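The two complexes that follow have chain A in common; it is paired with chain B in the first and with chain C in the second.
Let's look at the complex of A and B:
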C-alpha cells in the first residue's frame, strides 16, 4: 500500500540478489530513511536484466526504472555486470529516440554492505524522477506526422551501374555453379521496374541474373536457411555487410558460401519511384543512362535521377563494394567519408522528446503487425520462434494499440544492437512505410560512439560489442552519474 | 429500380457530413504522409481531409477489425460471495465505408459466406455487417498489380457494394445497387443524376478498355488440387517467400483469426478475450501443442494460401476467395505474385 497516497510515482527497481538487494535490505535494517516509490524486483544478476524489461516498464506506465548490480569486478557470476553495463548504456542512448527521457532510467552498482550508498542512490534517483514528474503516457499523445527530408547529397557519386561488368560476373558464377546448391541473386520481377530474388541453379538461370538500381532486396536474408549447404550469393556493398555479420555470428560457415561482388552505384527508393509512376497498367520500357533510369509506363516517360531517387541508406554508403568476396568484378569505389546522418534519424533528432512520442504514435497507428520488417531482416535469426508470438513468456499482448506495436519495434531494434548493418530492409519491406529503420540507426550510432566507431558487418573476425565486454570501459562512465 | 444521384466534387464533404449525421461512423481513406505514403481507412469527421485513391489497406477493418474484444470478464467479491461477470455484447456502431474500390467490396461478399452463411453465424461479424453501408468508387483504369477481371469482377463490379460512385466530369454519380443504398441516397438531399447516366456508362466502358486482357483461369481449382502433394512445385514457387504476413493482412478476403485472453488479472481489473487477425503464412498458425507442425515449410503455407483462395473456398462456396485487388502482390517485400503461381499451376497440370 502506498504510504504517500497520490504523491508517489511508480519506480521499478531491478536489484541483483547478491549485492544491491542485500544493500537495500541492509539500509532497511539500519533504519535508513528512504523514499517509498520504488517497487523492487529481485533478479539473480544485473546481467539477467533484459533491456526490454526496462522499455516494457517505461512504455506501460513506470515513471522511472533503476537497475542496480554488483560493482564491476565483483559479479557473483564473474562477468554478468560487465555485459549488463554495455547493454544498459546502449539502452540509455536509445530511449530518447522513442521520446522517453533517459533520465527516467538509471543503472548503478551497490554492494550488500553499502547501506548508506543505497540510501544515497535511491534518494537521489527518486528525487530526480520526482523533479521530472509523472511520465507522459504513450497512448495520450496526439499523432504527429512528419516526413523526412530526402534532399540528400551522397558521399560518393550515385549511378545506375550501367557499366558494371555483369557478363564477367556471370562467367565467374557459372564457373563455380557446379559445386553450389544455387546462387542467390536478382532477376526481373512482374515488370521491368521490379526485380525479385533469384535462386539460380542452372547456367540458364544464371543468364537471367540482373544488376542495377532495381536490385533492392538483400539476398543475405536467405543465407542462414542454407546453413550446411554450399551456396553462392551475389552482393551489393550493404548485402555483403549482412553476410559478414552472419559470419561474425557463426550463422553461416565461410567455407559454405561463395560471395560474388560488384561495386554498387546505389539502388532506387521504390516507394518514391512508385509514387511518381502513379497508377499504371503496364511498363512499356526501362532504359538507363549513367545517371538516371527512364521508365515508360502507359506511354508516359518518367526519368529517375539516381542522385534524387536513391534509397536513404545509399547516400551515406561508404562501402559500395563488398570487401569480403570470393569473386569481385570491378574496382573499389572512391568515397569521400564525411559526416552523414540518415534522413529519418535526422528528422527524429530535430524533434523534442514529446514530439518523438507523438511521431511514433502517429506512425505505429497504421502498423498491421504483418512482421514483414522482421522477416526481411537478414539478422533476425529466430525466424519461426520470435518472442512476439510467444505466450509464455507473454512479451506481447494481441491488443492492436500503438504501444504494443512500438514495443515490438523496440524488441527488434534492441535485438539488433551492435548487429544491425543498416541494410534498411525492415523499412523497405514495410507496406505502410513506417520509418522503423531510424530506431536501428539510433542504436548503431550509439554503438559506434560507445565502442570506438564500431560498425557491424565490416570485419568477419570482430566480435559484436554486445557479445563481449571490457573490465574497464573506455567510453562508459557510469560511476559519474550522481 | 436503382436510385441515382449526382454530387459535385466539392460537395463530397457535405455528403460525408450527412452520413455522419445519420449516426454512422464514416470510414474514409486518409493519406498518411511518409517517404512511402500510404492510404488507410479512418473515421472521418468534419474538416478532416480524405482521398479517393485506392487504399493501401483494404476496408476489411469495418467488419473484421485487426483486433476486437469478444468479451470482458471480471470477478467481483461481495462479502463471502464471489461473482463473475461477462460482457460479450458485439460492438457494432452503424458504419459507412466511403471510397473503397470494387475489389474491397467484393471482399465483403467473400467474408459473408463463412461468417453468415455457414453452419455457424458469427454474431460479431453479423452485427457489424448488418450495420454497414458500402459506398464504392469504381475504378477509372486498370493497374499493374490488379486483376479483378480475372476473377469475375471488374472496375465497376457492384458485388458487395450498396452504392457505386463513378467519377464523371465535375463530380460523381452515385448509383444504388441495394435497397439499403437506395434508402440512404433517397434520404439525402443530393440532386438527381439519372440524366448523367450515359456519362457513367462511358466512363465504365473506358475503364474496362484500359485493362490488360485476362487469361483463362477456369482450370485453377482442379490444377491446384492436383498439385497438393507436389512439393517441388510449391518449393520452386516460394523460394523467395519471407513468410511474413503482408499478403494475408492486406487481403480483403482473408478472414482467419486468433483468440487470446489478455488479462491484467482475474480480479478487480478484469480481463478481455480478444480476437485478432492471424495468418496462414506464420509457422505458429498450425503449430500444435505437441510441437508438431503439419505445415513446417513456407512452401506448404503458401500452398494453403493459394489453394484456399482458388481451390478450397471455391469447392465450399462456389466462388473464388480472391477479389484480385493485387495488394498481396504490391505489398509483398519480394514481389511474390499470386497470379504467376496460379498460372504456373495451370500450366504444370496441363503439361502432365
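Let's look at the complex of A and C:
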C-alpha cells in the first residue's frame, strides 16, 4: 500500500506480543502522542522474527524497520530475545553490504509498562528515518560494473601440488576401500585442464584419482546424500571444513565417513583461466612445474602462475590441510595468520552505500536463476524444498527482477550465517561470474567479529554462535535512545 | 474465503479521530472481504450479536475486528465467533485504538493507518487455519514456595480444598517475616498469637508436606505436570528423631552464634530451635559455629540428645516431587541500607533497622521485650524513626514505595510509649501513606494520644555526640527550618526488595522479575496473581510490597487459582504451537538446540531421525521457526507465510 505522500514514510515494526506490543498499548492508553508512520506486526516473540522478514521489507519499499522485544532477562519465553539479539545484530552488520543503510533497521527492548520509553523509541526512530529520507529503491539504481582487484599476496606460498604424495594417498585409500561404498574424489575431465568428480568403487577407479590446481570443486557437497552409508572422501583444506560443518550439523555421521587429506597448495580460478585462454578448440597438453601450470591450447602455450591465478579464497587460506582426517599424507603447512580481507569483500568495502546497491543491481541483472550457486553449496540443507522452487513459504516469486534475485542470495547468505566455511563453491559455480561469495564473507566476518573470532568448520563439537546466547554479550552493546 | 470486517468506533475513542465508515468502505476492496461495517461498540452485547448475525447472514468464515488492543478483547471476540460456529482462531484483530486513535489527532493519517492495519489483519487472516486444542491430564498436587504468611495461607486454603500441598521453606521454621514481628498494626495485636495457630495448622494438616531448610533445585515440565527437585539442606539433626525438647540448645557451648532469627541483634547457640513457636519445632546446627564441626571436638549435643538425633555427617538431600501447579510466595528482604553513609552506614550500634527493633520489642527477642540500646543496654529516652530509607529514593535507584513502613513506624512509636512511658519518639517522614482500613485513624492516634512528634522532612546526617547519644540533623519542610534532635536510638524504616535468590528462582520457574527482584504478574490490574507461565501463581510480597492483610488475601487468591485450575480433570493446551513438516526436516538439530523449553525431541520416523514438537511443552514462541532454514518448522497461527503476507501488504513497490 502506498504511503501518505509527503507526510509519512513506510516504517514496519515487529513487536513481541508480551512486552513491546503491550508497551505500545500502554503508550496509547497514556495518550502519548507519537508519529503515525509505524505499522506494527504482532509476533509472539522477538525470537520469532526471522531476519529475512526485515530484508524482505527493506528490499520492497520499507524506509525503516524496528524490532522490539522484552528486555534481556524478561523474555516471556525466557530466552527468545537473547537469540534475537545475536541474529539481529548480525543482520545489522550485514545490511550495508547490500547497499542498505543500517540506520534504517534497529532493534530494541521495551517492556509492557514502559509507555514513555516506547513513545521515546518510536519518536526517535521515526525521526531518524525521516532524516534519512525515503529509502533508495533498488530498481532505480543504475547498474555499476566493477570487478575485484585480484592482485593479491597469499598468506602462504601457493603452488601446483606437483610434489604431493598422491600415490601414498591412493595406497591409503585402497587399504580402506573394501569397507566403503565409494570414495569421492577427482578425476581428469574432458581435457587435462578440467577435473570432474570421481566416485571410486574399485582399486582401478582409485588409480584414476588426480590431485592439483584443477581440483576446484568441493566433493563434500555429495556427502549428505550418502548419509547412512559408509563412504570415503578426499579433501583439500577448504573441503575438510565443509565436512566438519556437516558433522556438526548432523548431516553426516562421523563413523560413516573416512576422510583422506593432503595439504592443498591452491586451486586455479577457472573463470580467469578461461578468460586468458580465450576461444580455443582443444587443449593439447597441460604440464606443471612447482609454481605454475602451462596449458597448450590450439598449439599456443599459456603459463598460469599460481600466485596470480589462484581462486580468491586460496590467498587467505589458513588451513590448507584438513585437521579432521582419518588418513593424512603430507605434513602441516605453516601459514602467516595475518589479517586478510577477501578480494570480493574488499571491493564492496571500497564502495559507498549507493554504489553497492548499483553494483548488485548490475550483477543481478546477469543472474540466470540457474541456482548453480545453491546446488554447489555443501551446506545447503533445504534441497528439494528450496524456497526458490517450492515457493513455500512464499519468500519469493518467479518474477525476473533484480530485487528477487538479490533476495534469494540474501536468503542463502543468511541461511549460512555462522555455518559458511567460505569454500566459495557458490561463486565458482556461477556461470556468469557474479561475486556472490562476498555476501557470505560479510556474514562470516560479522559472526567472527561479534563472537570471539568464531569460524565455521573447525570443530565438529562447537556450538555455533547463532544457536546459543550469553545473557551479557561481550561485543553487542545496547544502543541507547538518548 | 469470505471475510467480514468490523470497524469499531468505541464511542468517540476511535470514532473521534478515525473515519470508521471510510475504513469500512476501504476494507471492502481488500481481497476476500465480503462484508464490512462500523458498529459503535463492537464488544458490547449488541455489537457481538451483530458479528454473530453477520457470520450467519454472509456465510463468513473469517472475521477481522478493528478496535482496541487484542491484548484486551481477543478472548472476547474469539468466543463471539465460536458462538457463531467458527473456529476461534478464524479471528484477527487490528489495533486501531491504542496504536492509532489514542496517539495522534490527524484524522487523515489515522484513517489511512487504520485501513492499513485492517489490510494486514485481512492478509494474515487469509492464512489462518482452524486450530484444535489437545487435552492432557492434571496432577492435582500443589507446590508452595515460601512459608511466610502468604505461603501458609495459600497452602492451608489449597489443602482445605482437598489438594495435597508441598510447602518448601528455606529457613528452619515457617512463619516468615511475620513471625519476627512483635505486634501488628492497626490493632496492635500480638503477631505470634495470630500467626501461631496457622503455623500449627500447617504442621498438623494431613495434606501438607512441609520441607523446612529446603530450597528449589530445579523445576521442569509444564502446567499440570511439573517435576520439582528440592534440595533439603543438611541440618545435622535427624528430624524424624528430634522431639524439639531443646536440651541440646541448653547445653551447647557454642554460644557466640549470630542469631539470624533475631535479625543479628543477639547471640545464640550453635544448635538451636529458631524460636519457641517454631514449626517444625526441630533443632538445627549452624555448622560454621559448631565446635564439633569446626574443631572436631565437643559433641555435647550428641551426648545429651535423648533420641540420638544428632548426625554431624549429614549431607544435603535431593527430593523429587511431582505437582500440577506452583505458588511462589518467597517474600522479601531488606535492601542493603549501609549505602546511606549519612545514617552511619552501619557503623553506629544504636542505628538499627525496624525489623531489629521489632525483635527488641518482642518478648521472645534477645532482650525479653525490654527496649535496650544495643551499645550499652541502657533504656533509650529519645528515639528517632527515619522513614523511606531505601524507598522512594531515585538517587540510589529505588523509586518504589515499600508500602508498609509508614504503618509499622507508627505502631513502633506507639509501642515505644507503652514500653517506656517517659520516652519521646520522633518520626522523620516524607508522606504518610495510610490507605488501609483503620490505618489513618491509627496514625492519628500515634500523634494525638501517644504524642509522637512527626517531622516532615529528611535527615541529612547522624553523628555521635560524644556522650553516648547521637545528633540527628534534619529539616522540617513544613516549617522550613533545620531540626536537630539528640537521640539515644535511631530506627530506620529500611526499604524492601525481592527475597535474596528470587532472581535465580524466577529463572527456574521461567517467570519474569523486575530490577528489584520482585516477580512480574501477568497483568498489572487484571491478572495480579497469575504469571506468564501457566500454572505458576504469586502470593505476597514476592510480587510487590504489601502488608499482611493483602498478603493473606493474595495467598487465598493464589489458592483459589490453583483450586480453579484443578477443578478440571484435563487441561487444554494452546494450539498456537510449532509443527514439524517431516518431509522437509533433515534432522540438523538446530531447533532442538535453541528451544528454550526443551519442547523439541528427535524421533524415528520410518527409520529416519526427525524433529518432533512435544505439544504440551511447546509455548509457541516461534524461535524454532525462525531458526529452521528449510522452513520445516512452522508456528501455527504465525507461519512464515502469514508474516510474509503482512510484510507484503505493507511493503510493495
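Throughout what follows, the second predicted complex is superposed on the first by the 470 of 482 C-alpha atoms of A that agree within 3 Å, B and C clash if a C-alpha of one lies under 4 Å from a C-alpha of the other, contacts with A are read in each partner's own complex, and residues count from 1 in each chain.
Operating definition for what follows: contacts are C-beta pairs under 8 Å (C-beta built on N, C-alpha and C of every residue); 3 or more make two chains touch, one makes a residue touch a chain.
Please read all numbers here as calculations on a predicted model, not as lab measurements.
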Fit or clash for chain B plus chain C once both are placed on chain A?
-> fit
Identify which of chain B and chain C touches the larger number of residues of chain A.
-> C
Regarding the shared-chain residue A:83, is it in contact with chain B (first), chain C (second), both, or neither?
-> second
So, A:395: does it touch chain B (first), chain C (second), both, or neither?
-> second
Does the superposition put A:101 against chain B (first), chain C (second), both, or neither?
-> neither
Taking the superposition as given, does A:375 touch the first partner, chain B, the second, chain C, both, or neither?
-> first
Which of chain B and chain C A:199 touches, first, second, both or neither = first
Where does A:21 make contact in the superposed view: on chain B (first), on chain C (second), on both, or on neither?
-> second
In whole Å, what is the nearest CA distance you get between chain B and chain C after the fit?
-> 6
Can you pull the chain A residues that chain B and chain C both touch?
-> 383
Chain A touches which residues of chain C in the complex?
-> 69-72, 95, 97-100, 102-104, 106, 108-110, 112-113, 116-117, 119-120, 507, 510, 512-513, 520, 524, 532, 576, 583-584, 586-590, 593-594, 596-597, 619-623, 625-627, 629-632, 634-635, 638-641, 643-653
Along chain A, where are the residues that touch chain C in the complex?
-> 1, 4, 7-8, 10, 12, 17-18, 21-22, 24-25, 27-29, 31-36, 39-45, 47-50, 53, 56-57, 60-62, 70, 73-80, 83, 87, 113, 137, 139, 224, 249-251, 381-383, 385-387, 392-395, 415, 463, 467-468
Would you pull the chain B residues touching chain A in the complex into a rising list?
-> 32-38, 40, 54, 56-57, 65-67, 141-145, 210-212, 239-240, 242-246, 248-250, 258, 260, 262, 274, 276-277, 279, 282-284, 329, 331, 333-337, 339-340
Along chain A, where are the residues that touch chain B in the complex?
-> 145, 147-148, 150, 189-191, 194-199, 217, 221-222, 269, 271-272, 275, 279-283, 297, 312, 343-344, 363, 366, 368-372, 374-376, 383-384, 389, 391, 397-400, 425, 428-435
